[in-house]
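Two complexes come next, and they have one chain in common, chain A, joined by chain B in the first and chain C in the second.
Right, the complex of A and B next:
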């Protein structure tokens, strides 16, 4: 499930916006567990979920997700 | 998007936890029950004079997996049908589907390894199909259930 090459700024951005994992999960209609595993790099989200997360946080998807070393 | 923003989080958490625990109980109960069946049909229980204890274990473990399974198909199904679409979507999100997929893959490999082990044993011991089948059924059913429950529990851990 995890891809060592993909990183994200989900935790930082979410915290900056003052959102909890549960609140973000509600915004994108997934479980809090999914947000937790994405933040921890355990689970690589689908393109659709990545786009929905970016939209929910008011960012471009490439600002939220990036490849290792970029 | 004019979706009502009511708080679905606690409901999703509660149902997810309930599902994980019930699947764990079914998985453990099922494997213990088949172990008891195996001990009885192979004569191990009688040989060690523990037939009484094995029977009690069989009854308790049967209740442990059969009752939650019955509840899952009756009460759980009814609850599932009444769930709001957003709650249902969150309970069946892509992490859950990925976890289920990994669980089935694990079950497949566990089953394959068990078949190989049983085949190897059959080269030295006279193995009966009657004894092998309970092992295969228990592994094929319980391993995916327990793996899914484990993956769901791991998802709750903070990194």
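Right, the complex of A and C next:
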């Protein structure tokens, strides 16, 4: 629903690290569904959640999230 | 007594549909909880307004005619909510789901957006009723119109939550 032009590599990075959505959700204290909707671009996370996700996956936030067309 | 049995009967069938949908889809605890709230309000107050509508269509009534039914409906709704929410929580836990994590930012945003719809309905109802009082609306109509506005507001609020849970926010 929400298309703010924000894209992410969350699904690829998570899969590469062998994490399930539920495991990642637990690491950043959100629901599994929230991880699912972020991965699918349905929900645009807040800055703090984006930073927490990047930290949990050992990346910089700009490596994980990027604007459409970049 | 038949009043309570009828509501239990309707709620049982609605909850069967909700629990079936819960088992067939990946419905979260919060989404299930919203379904429970929506269906129990619909069942209890749907029946309440059926009773009120029949009585009002039969002719004028005294100011406190529906007080017993109203108090009964509120108590029944509270009991139904407690029992069904406990069942849903236990069911979710058995199924490996999470019921303890605090609402995250997406769930808070869904609630806020849904509250906006519900608030609009309640406010509109209050303004309409306030205007109607000026035209000599009887007390029992005023009270029930306000209850209807609150019930409708709650139905819209939980309905909006369910839509946002499905299509995203």
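The rule is simple: the second predicted complex is superposed on the first by the 68 of 70 C-alpha atoms of A that agree within 3 Å, B and C clash if a C-alpha of one lies under 4 Å from a C-alpha of the other, contacts with A are read in each partner's own complex, and residues count from 1 in each chain.
To be clear about the criterion, a contact is a pair of C-beta atoms (placed from the backbone, for glycine too) under 8 Å apart; a residue touches a chain by one contact, two chains touch by 3 or more.
Quick caveat: nothing in here was measured; it's all calculated off a predicted structure.
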item	value
When chain B and chain C are modelled together on chain A, clash or fit	clash
Partner chain(s) touched by A:49 [first = chain B, second = chain C, both, neither]	both
Which of chain B and chain C A:67 touches, first, second, both or neither	neither
Chain A residues touched - chain C or chain B, whichever exceeds	B
First (chain B), second (chain C), both or neither touched by A:39	first
First (chain B), second (chain C), both or neither touched by A:31	both
Chain B versus chain C as contact partner of A:17, first or second or both or neither	neither
Contact residues common to both interfaces of chain A (with chain B and with chain C)	1, 29-34, 37, 42-43, 45-46, 49
Residues of chain C touching chain A in the complex	26, 28, 30, 98, 101-102, 104-107, 165, 167-169
Residues of chain B that touch chain A when the two form their complex	5, 7-9, 12-13, 16, 86, 89-91, 93-96, 98, 102, 152, 154-159
Complex contact set, residues of chain A against chain C	1-2, 29-34, 37, 42-43, 45-46, 49
For the chain A and chain B complex, residues of the former touching the latter	1, 22-23, 25-26, 29-34, 36-37, 39-43, 45-46, 49
